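A short worksheet on the structure shown next.
Per-chain numbering from 1; labels A, B, C and D assigned in written order.
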Amino acid sequence: MDTVTITMKNAPALYLEADTISPDAFAGKSAAQIAELPVFEGNNPSTLGKYFEVTGNAGATAADTRIVVKGDVKRVKYIGFRMTAGEIVIEGSADQYVGGWMKGGKITVRGNVDAFAATAMKGGEMVIEGNAGNYLGAAYRGDWRGMSGGKILVKGNAGSDVGMYMLGGEIVINGNCDVHVMTHAEGGRVIIRGNAASKLGGQMVEGDIYVFGSIDVMMPGFKPVDEVELTVDGTKAKFAHFIGDTGERHKKKKGVVVYGNLYKKI
Amino acid sequence: MAEFIIKNGHVFDPVQGIKGDKKDICIKDGKIVDKVSGSAKVIDAKDKTVMAGAVEIHAHVAGPKVNLGRIYRPEDKLFSCTPTKGIERMGGGASIPTTFKTGYEYAKMGFAVAMEAAMPPLFSRHVHEEIRDTPIIDEGAFPVFGNNWFVLEYLKNQEIENTAAYCAWLLKVTKGYAIKVVNPGGTEAWGWGLNCLTVNDPVPYFDITPAEIIKGLIEANEYLGLPHSMHIHPNNLGNPGCYETTLDTLKIAAGIKPKNKFGREQVMHLTHTQFHSYGGTNWGDFESKAKEVTDFVNKNKNITIDTGNVTLDETTTMTADGPFEHHLTGLNHLKWANCDVELETAAGVVPYIYSPSISVCAIQWAIGLEIALMMKDPMRCYVTTDHPNAGPFTRYPRVYKWLMSEKARKAQIEAFKHKDKVLSQTAIGTLDREISLYELAQMTRAGPAKSLGLAAMCGGLKPGMDADVAIYNINPDKPIANPDDIEKAFSRCAAFFKSGVQVVSNGEIVNNGNKRTLWVNVKAKENPQVMRDINEKFVKYYSMTQANYEALGHHFVPNPYAIEVDATN
Amino acid sequence: MTKTITDVICPFCGTLCDDIEVTVSDDGKKLLEVANACVIGTEKFLHSQSTDRVTKPRIRQEDGSWKTISYEEAADYTAKALAKAKKPLMYGWSSTNCEAQSVGNEIAEIAKACCDNTAAVCHGTTLIAVQDIGLPTCTLGEIKNRADRIIFWGCNPAHAHPRHMSRYSIFPRGFFTGKGQMSRKMIVVDPRCTDTARMADVHLQVEQGRDYELLNALRVAFKGEWLPDVVAGIPAEKIREAADLMKSGRFGIIFFGMGVTQSLSKNHNIDIAIAVTKDLNEYTKFSIMPMRGHYNVTGSGEVFAWQFGFPYSVDLTRGFARYNPGDSSSIDLLKRGEVDMMFTIGSDPGAHFPISAVRAIAKVDSVCIDPHITPTSGVSKLHVPVAFNGVECGGNCYRMDNVPIDCRKVVEPPEGMMTDLDFLTMVCTRLKKLKGAA
Amino acid sequence: MAQPITVNLISGRTIQQGVAIESGKEKPSYRTACGIIEMDPSDLKRLGAWKNTNVKVTSDYGSVVVKAVEATQGPHPGVAFIPMGPWANSVVSDNTYSTGMPTFKGTPVKIEIAINEPVLLGVELVQRQCGVKVG
């Protein structure tokens, strides 16, 4: 695997859209060619090289390419956009759409990410060592096909609307989580090791939510059914089990109605 | 205006009976002429196919439900919006393109005219604003009448004259083109959450049946002598076994003769026939009844149809058949929009994915093609996708490919997950007919133009007609090696002239043309009773005043082309 | 001598009343009387006659004072500012007509701008919800003729849409509702006991910010499932009664407003209210409708949608249209410091945006096109006063139920004053020259 | 000395606000209509304020001086209402939760008596808050 290091040298006055920072776009290119890749500051077309110092050549394929992003990229959007393979390490914090529509590969962010990270993710892995913004692993506006595969780990807190319209895959949040988790979900699971706010699992058709900490306000559409002992994300504990959203439509499998599940650690 | 001469092309023109002969086409002052001066610009169409501009008889391209589709489907545009390019404004939308993209895409495929198939009269001003912003192509819009309270009340008492007077008034104030009927009576029933699934189901409160509405509107249409016939989307669309309702609907036209000065020979146009040709009792034993429906139409010359071909895409369904869309969202659980329109109609919108892996979708695909292949007279059967219901209009070239190549059909059948089911539930595997270029010109040009009463104006290349001329990269002298070449050639014209202006060159837009709004201006007998009734309904039941109802003024219809009808005798 | 113009459209709120009568002087220069309009609409027509109107463009000088300039100079300034900007935001559009919006869109396309309308702080979250779940709705005449269950959720028409109840929803006697108010049951959901709530058969005084839970509880109640004893401050019994009242009607409607679009859960509140409506269609007929605020915010969404494909928050900076509120929405753009030029027309973000967003406007180059003196003009570099649309010029507008109604001109603007359309056309011509566009 | 109280602030339209914005936002009538906070009588009592007293409203997002008036559409204890306009917008939450929509309704605010501080006119208030130089 070959490593390309890009270091922010001229920060944008506004925000930079750099959907070309991905192993797929870098693959097969030299440092000089990578520096020529297009980026946009507002309506102003530019090149990656105008903002970043690029060192190292990419591997022949995306899978053979590792990108290390250094410097302040808090105002850079779309890093890892639609990536299918390879690896990106962001040493600081990044802006919106990190790993948006990604299908494979791995993204590690040492700092925080803003909203819309892993939008409609299909596969691969994302690790955010700081906090995640709103709409982590959610669907794009209007689409009923949200995150369908892959794994996201947030070591800090997450914003609102985690896993909206989620169909599959897993999101683990070590910290706390803001309102609306897995709204409209039809599969997948979200594990919140910290506290949750409210509005969990609204309009949920299928899927699983696990909360280790507190929940401010429960949705009325989640009915307490029993207590279960489970091993979740390596932790064995007793959980109160709720099913819901009982106001929503549900499929039947073998004559039995399938609900979404909410497990709250006791 | 410039003169052009298109030389050496293979001309297909059903209006003149030209079947691929090499013939020069001359254009002057926006019209086809016999000859032009020596200064005419020469366009070489050697080894190419030349046809009149195509005519779209039924598509949902402008108006409130189309725009609701755009508004509520951002995902239909994700990663597919196109930038401003030369004189082309930016565009977007796969199944529901923006107005600019709609005009450009039609023009790039060689279309000169498109009819918006369902205009809610209360929203006519909206429809016309969108038509205004759709470049190049001439457009008209069909106001819907089949659930209109005036019509229901007049026809309950068999008052054809009053119905006709009301239709004439509504066409004028909405700048409408034809009498459209959607799920007659059923959409009014939907006002209460109900429906009419057969032609004999009574409409709640109004004490009338769909059959009476259909018959009355055919008679009113012929009473006025409108250019187009009554254009119907029958009851019970899209349900297994619906073909019986379709046949009951078609039978209502029996014995009625067309009366008009436009050369139109039908009294009923059955639209998106594919959706109305289903047998079976449920989705499990779902089967094609294309044969039963086309047999009937083949025998009855006073009916024309269009196909409604399924293109196997993700699309957005939209129809004035409100209860149907409610039914559909119950099946696929995708987002449901509905709008009931006071005194007049309703509309619904639901996204739909015609997946080749689902047997019902594959059977629907086959039925649409069967209809076109089983219809004996291509002048009475027109290719549509009921855009965007069975697929986007941008897929026409693919539908042409399937119609023109048995090989292409076989390849698609092979690709289906449930191909055995397609073969057992339809006759598609037994049909070896391949539509010729001449027949295609009938089904997409001369035929729909005649059915719309526009035969003197468009759909052909006869001197005196509008100079709408499309040139395609197809050499009819050579066998087509790969059916995909058909799709490619019809997707982008080599050149297209609209009203004598070259608007497309090598598949690119080079001129925004001079688009017109087609509407039908009926001079009808004065009818004070109907005028009083209209006045009363506005005062009592409409939510806006009569004075603000008309689509009037330059910002709605900047370039009108009125087809005059004298119905005073 | 005076003359009376009938069937005039009121350019204030989304109710877009079209039965106003306006009396003008014989020369058509003075507006004398207004009949049929509500108190706000009347004020709108009459204020156009005030003598202290700004009638010429003004540019702010170094010392902060205004200098009067010509419309030509103002158009030059605007075109240059747009041409120069990397990410201009063209905001507003809700108090102007569709023709002006259309020219504005052309400008935005050439300038590669972000464009947004007042849905951003009004029913934008409704649009997000509609994109997620759809919208079973109807025109206002359907309510008048059929509806026997009227629900006002988080809206206060007695104040915000003063003639709504008398024209469409509560009092009118329609085709199937001959007894008017007697044929209807009215439910109001609001954390305050509003003047609208006082008229209701049932008032659910919901805990502020818990509409999502209450709507969820209604869905649960429809299905007869288990409910906690109290949801959002409302006892389960009362929720079940309200659910039964909704189900038992022949035709129901939920009207909703800022109480849900602007409270916690935002789009989700609407999303689940639409789900409630959809559920009710299993039992009876039900519709839902946003109480749109500005008289032509709906039209702006329509024009954006047919030209660009999205109803608001459209980002054209890359040369093609994109949309994602949270990224391309005005408040976020301003708050995040993404914008380097602000163009405002037909709205007043200075008064109606949170102060952090207004500060961002004050920091950048800015043009404000508005007949009034407003907080926005107060923080802008250039103020271009224009004729009052719907009073001094006509043009098409869309009512809250998407019905288009062509506004009427009833009186002449002060001499020399331009309309929105005139001024935008001048800007467009100049911008095309600057950008070398066709 | 009375203690500040904490309430949940919402904003919204009133008919007086509607009339005032059409008659001129630079005029005192706009301040009269919108430079107010409607409080439940029990909250006024808790604050120890008479009606029509100027109060300072402070949130995480800013602060503003408005006149405290008795709720016209109450009772709504614990909830206070400032009509839509720059006074409300000086203190409302600008958190959009990435939906584009600020949280105009539901901002926790602190209210304290500020008898001697003036309520500014609408345009003036915004100009001051933004640091705009006015000639």
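Details
Please note the rule applied: contacts are C-beta pairs under 8 Å (C-beta built on N, C-alpha and C of every residue); 3 or more make two chains touch, one makes a residue touch a chain.
Since the structure is predicted, the reported quantities are computational estimates derived from the model, not experimental observations.
Listing every chain that touches chain B and chain C alike gives A. The chain pair A-B and the chain pair A-C differ in C-beta contact count, and the higher one is A-C.
The most centrally placed chain, judged by C-alpha centroids, is C.
Measuring from the averaged C-alpha position of chain A to that of chain B gives a distance of 44 Å.
As a whole-number value, the distance joining the C-alpha centres of chain B and chain D reads 56 Å.
Rounded to a whole number, the gap between the C-alpha centres of chain A and chain C is 34 angstrom.
In whole angstrom, the spacing between the mean C-alpha positions of chain A and chain D is 39. Multi-chain contact residues of chain A (touching two or more other chains): 115-116, 134-135, 140-142, 144, 179.
For chain C, the set of residues that touch two or more other chains comprises 128, 131-132, 264, 316, 318-319, 323-327. Among all residues of chain D, those that touch two or more other chains are 97-98. The touch graph of these protein chains has some other shape, matching none of line, ring, star or complete. By the definition of touch given earlier, these chain pairs are in contact: A-B, A-C, A-D, B-C, C-D.
Chain contact summary for the complex, chain A toward chain D: residues 115-116, 133-135, 159-161, 178-179. Put simply, chain A touches chain B in their complex at residues 140-144, 249. Of all the residues in chain A, the ones that touch chain C in their complex are 13-15, 17, 40-44, 77, 96-97, 115-116, 134-135, 140-142, 144, 165, 179-180, 183-184, 198-199, 202-203, 217-221, 223, 245-248. Every residue of chain D that touches chain C in the complex is listed here, in rising order: 8, 10, 12-15, 17-19, 21-26, 61-62, 71, 73-76, 79, 81, 84-86, 89-94, 96-106, 122-127, 129-135.
The residues of chain C lying in touch with chain D in their complex are 12-13, 39-40, 43-44, 47, 50, 60-61, 63-66, 120-121, 124-125, 128, 156, 158-160, 162, 191-195, 197, 208-209, 258-259, 261-264, 266-267, 293, 313, 325-327, 329-332, 335, 348, 350-359, 361-362, 372-375, 377-379.
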